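So, here come the structures, one by one.
Look for subunit A in each of the two complexes below; its partner is subunit B in the first and subunit C in the second.
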Partner chain A sequence: MDLLEARLEQALLLKRVVEAIKDLVQDCNFDCNDSGIALQAMDNSHVALVSMMLKAEAFSPYRCDRNIALGINLTSLTKVLRCAQNDDILTLKAEDAPDIVNLTFESSESDRISEYDIKLMDIDQEHLGIPETEYAATISMPSAEFQRICRDLMALSESVSIEATKEGVKFSCIGDIGNGSVTLRNHANVEKPELNMEIELTEPVALTFSLKYLVNFCKATALSGTVKLCLSNEVPLLVEYGLAGSSYLRFYLAPKDRGLGGGDASNWLGSSDVVDKVRDNLQTGLFLGAGAETRAPEELAIAAMRIKVRYNIYV
Partner chain B sequence: MRRTRSSKSAKPGTEKSPPISEPDNPLPESNDKNPPKCFILPKGASPEARIVTLPNPRTLTPTRYYLCPERGIYEFTKITAPKSSPRSWLLAPQTQPAKAVSSGVIPSGEEGSSAEHEPAKAPSSEPGSILTKGYAIRSADLFIATPLDPLFLIIPALAPVPNSGKHPKQLFLSSDDYFDTLSSTSRHYGTILQIPRLRMAFEARMDIICDTVDAGGERMYRLNEEKLMRELLRKANEVVDKGLPASLEESFVKKALEVPVACVKREESLAAVGNLDPEDETQLDVAGAETPSTESTVDSQTSTTSTITTLTSVSQLPEPAPFSGPPSAPALIARLLRLRTALTYLSTTYIPAHLVRSPSPSIIDFTPLTSHLTHLASLREEAFASRSLGDYSCKRALDDDGEEESRAEKKRKKEEEERRKKAGESRGVRDLKKVDVRGMKKMSDFFGKKKT
Partner chain C sequence: MGIKHLYQVISEHAPDAIKTGEIKNQFGRKVAIVSNPVTVYLASILIWRQDAFLIAVRSDGQQLMNETGETTSHLMGMFYRTLRVVDNGIKPLYVFDGAPPKLKSGELAKRVMRKAEATEAHEEAKETGTAEDVEKFSRRTVRVTREHNEECKRLLKLMGVPYIDAPTEAEAQCAVLARAQKVYAAASEDMDTLCFDSPILLRHLTFSEQRKEPILEIHLEKVLAGLDMNRSQFVDLCILLGCDYLDPIPKVGPNTALKLIRDYKTLEGVVEFIEKDPKHKYTIPEDWPYKEARDLFFHPDVRPADDPLCDFKWESPDIEGLVQFLVTEKGFNEDRVRSAAARLQKNLKSSQQQRLEGFFKPVPKTAEEKAKLKRKNEEKNEEKKKKQKAEQKAKKEAKGKPRGAA
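After this line comes the complex of A and B, so read on.
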């Protein structure tokens, strides 16, 4: 008799959730209880945290007799989930004290049933208590827009400064090749409400974040047309993708200390990032970004030059 | 004679051995500047016998000798108590006129009484001698007078130390001349050489080691080193016949001839040759050496001049280094080694350094010995080398195997783990590792740990 049985009408949801998380964390526990399946995990550096909640309502049916934690390697899970068609009915099953989790994909169109077992792992993960926070600024915007901004700015710099004021929100970065910024104002589109841009603000906020992490979060874009950014000084940024029902996928990211990594100092981090990027590219023989190919050498030159100048001043 | 085992031997003089009887009384300080010494003197020495100070033939430093006009000259051998067990003498008067030594083991009654006892007739002639009351000597040294060949005493006169390397031409001189030389070194000689008996003894000894000529009714002497060497060899042979002292035997013969245990082959060969009768061979060898004793004086003299400056032979004996050659009868070797030990001892103790040299092969041939010792040394070296090599190789081999295995296993495990980890690691996760997270706080700094 299975302890857990969760039937998902569309495998797509889980596919996308796992796809979004798998580049942030390697292994994590899926904590199953009668209210649904929850997941909380940090990246290797512990500067980012992902929190997922798939409420019981998202499943039909959902049954979990006892709380169990399914320790799963997300890469393995991804491999198995790739075997599922987006429209397949996905059933998650686990026994009491399980060694494996069973996934069944039922084709909605044919009578094809595929079944996969994934070995479970014991993962010793600490759970952090995340309090409900009143954020100074809450920005609601199209997730695709957020993804685009992050990707665009990443071409220039490693860090983005997010400044939320009454007028709007400004994403800006200063890089070696120059600087750039994207400003979004409050916007209400009656015809296309998914393009709405809203800012709720109690006080202006300006924080700097690692763009690489933000780009990583943006892999969840497909999950929701809207993303919510919540900012307050001295607390992590919350990037939330709302799912059907009250299910959610949330990412938290620690801001960069302006003295060390934020603000103007990001120039210097940026230059070292360029060096990193070029080195990586040399190592892998692959260029990660579209523009990196052409820019990298001159960026490197600029970086080297700047470092030289730096030396001249300080040494 | 009884030994004392005084624990409080610090103060020479009046103390008794251990203060068992009166523990509260501190021992009185001794103010005796010249505490008595314990001597064992030859029996039946004439009352004219005296302790005289003569230059030591080897070092030329004034040394005390016991001189008896009738029995000859004696040297003192000091026997020192071992430092590990402090001892002292307690001289106590007894019914027999003897130096007595009490020991801590003695019943305390006797001990206590020894101090206050009615003084028995002490051997000392001095009135009020301390011995009448008993006396504890701090140092338990014992001086034994042993006969000394006057030959050794006369040698410095016969062969004065050559000054500035140039050896003076040795002349035939009368015994008087030599005695005059002696007298100039110590005034005691003047008195000694008045004694006709001693004079005759000196001359008799000179006869043995010197070439002589009669000139005008007077006998003239000149040192012949060859003869001296023969005389020394004779003495050494005597010593060997009677057996070397245990300590010499142990350190210079037994140890030097030890065959390294590791060398099994060598031991076998030793055992095989050991069956030979070594005594005969030794005799033969020595006898053979004796034959060419009639040598011309001129020859020996030139040899003296030529080799007078080479004083290296002294150090030759004690070190077991210069050995080589094929193995030979160990008994013969042992005898030769003993002989050489004795000879070296004699020459280093009594013969002036400038006269000491290794005996020429015509007198005694040490070649079999040296070759054997060299051989032993090489064996020892080999054994040591092989052992240390074996040790190392053994150790390393053991360690190597284990270490290498475990290291390889660790490496394998690590690689496997890494592979598994990499397999379970998405590219995004890998990329995130390169992100500069400086200035970014950890999540646990913001959010407290939740109890599950």
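After this line comes the complex of A and C, so read on.
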């Protein structure tokens, strides 16, 4: 008698999930219990974290009699999932204290049934506790738009700074060949609600992230039309792709340099000639928008600090 | 050098204290690296060997030298090892050995130190080199000079990498820095770093890429939990296993040492047992000042972590200075030095990517999970022992059979 049996109407869902995370994580445990199948794993450098939850409702039927962890190599799982067609019915099965997991693909059109077993691994994984966070800014936007921004800016630089204010969100980067930015404003499209762009904000935020990781997260674009970015100063970014029901695929990414607003800030704010320099500096425009020369000195000082923190200019 | 068989004991009784991983896993961390003359020398001889392979012919077995005949292999070793560490996003900090600590009888300490150095070098060379290497090595160990150390320091300064001279043992200094969270871990091949109370020890960090050795991360807390000991018992165990300061007690191996400490709790108890044992199974060496040795582990001569000298800064490399030193004075290839310096500049100064552990903390394992893990480890050990036994048996049988009998 199997301990776990989970039947998925379309193999496509699992295919896409695994496709989205397999470059970030090599081996991981699928933790199965009566509420569904969960996965949590960090990348090699411990900079990004994947957290997946496929709720029991995503399956029909779903049965899991006792908590089990299935340690699976994602490259192997990808190989087997390639043998399934997108609209095949997929069933996951495992016994008590299993050393294999069984995948069955039933064709929706013909009577073809294929069955594969994958050997399980013993993975001793550390679970990270993710605290409940009230994010200062929550941005929902079309996932394809986010993917495009990341790819476009990746051409110029390794990192992107994301700044969210009441008016909108600005993705900007500076690289060797020059700089670039994309600004999105709140936008409601009545005819095409999937193109909506919404910002919920309690305070403005500005953080810098590695584009390499963001581009990697965007492999999940096919899973959902919209993506949610949650930011607070000084905490990891949350990128969430919602799936049917309340299932989800989430990515967390640690920010770059904590300098902003920290103890070192006073050093940068110290000299007034720095502020003057910045006033003359074109980069100011990038942070304050047009009319930089009319802004208050404090604002300029903050901009100066940001510029320095971001590009590691030490005076 | 180090503690005899300690690694073996830990891997058997506290396997979850050891994590293996790639150098990438250490990304974004600050690490204090022990740089005693022997390690620098080892690094250099390994580099020299690789180069010897590349050039194919170097049969006279000379070290890398520049045109004027000065040895440069220690610099080569230091330079490229450090570069690899920095390339992987790690911020290194070197700790140089000071004078060896004086045990009660200074002569004993000196003798043991000398012996230990020669043996370690020997062991290492045996592992990696040919018989000639081993021989050459033992002759040369003594020749690592103060000058080499000074040159290494000059190189580090030019590279913008901080270093500190430990008053005595570098391992002890590293441990203090790691305890005070000035650095994430102490990197050393020497297991006695754990006795000095370093929370985390990294082994194999500065091994070359070619050796494909995984990096071992050993957590002291988990070692103590796995052995079910407190720190003073652990130090006593290490002394019993055989440390740098004292000769081991004959016939006491890892299993006996563990059993003795478990039965009698302290070295005092163990010594009393051995002396009173009517069977005189073990004999304690004549000069065995274990209390002094223990004191060296508990109160080593170190700079406190809040000393101004322990305020470390990673700076931009002095590119022209590096070129002057390595190219003009030491005859390195200029293109290589310049591209390496550019890499240093990029890595040491680029905005630092943070790690997730700074924000999300690992969930402690529940008692049930711990018990399960322990059971699993025990099963694994059992299996290993069975396998060993079976192998031995098979060997015996093979020997017993007369040759040629089908």
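Everything below uses one rule, namely that the second predicted complex is superposed on the first by the 257 of 315 C-alpha atoms of A that agree within 3 Å, B and C clash if a C-alpha of one lies under 4 Å from a C-alpha of the other, contacts with A are read in each partner's own complex, and residues count from 1 in each chain.
The rule we apply is simple: a contact is a pair of C-beta atoms (placed from the backbone, for glycine too) under 8 Å apart; a residue touches a chain by one contact, two chains touch by 3 or more.
Because the structure is a prediction, the values reported are computed rather than measured.
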Practice problem: Answer with first, second, both or neither: which of subunit B and subunit C does A:210 touch in the superposed model? | Solution: both
Quiz item: A:58 contacts which: subunit B (first), subunit C (second), both, neither?
Solution: neither
Quiz item: For A:257, is the partner it touches subunit B (first), subunit C (second), both, or none of the two (neither)?
Solution: both
Quiz item: After lining up the shared chain so the two structures overlap, which partner does A:124 touch, if you call subunit B first and subunit C second: first, second, both or neither?
Solution: second
Exercise. Return first, second, both or neither, reflecting whether A:45 touches subunit B, subunit C, both chains, or no partner chain.
Key: both
Exercise. Could you tell me if A:25 is touching subunit B, subunit C, both of them or neither one (first, second, both, neither)?
Key: first
Exercise. Considering only the touch criterion stated at the top, classify A:78 as touching first (subunit B), second (subunit C), both, or neither.
Key: first
Quiz prompt | Intersection of subunit A interface sets (partners subunit B, subunit C) | solution = 42, 44-49, 126-131, 210, 235-236, 252, 254-258
Practice problem: Show which residues of subunit A lie in contact with subunit C when the two form their complex. | Solution: 42, 44-49, 122, 124, 126-131, 159, 208, 210, 235-236, 252, 254-258, 309-312
Practice problem: Could you pull out which subunit A residues touch subunit B in their complex? | Solution: 22-27, 42-49, 73-76, 78, 126-131, 158, 210, 212-213, 216, 219, 235-236, 252, 254-262, 265, 269, 272-273, 276, 280, 288
Self-check item: Footprint of subunit A on subunit B - complex, ascending
Solution: 421, 423-429, 431-450, 452
Self-check item: Residues of subunit C that touch subunit A when the two form their complex
Solution: 16, 22, 24-25, 27-28, 89, 349-363, 373, 376
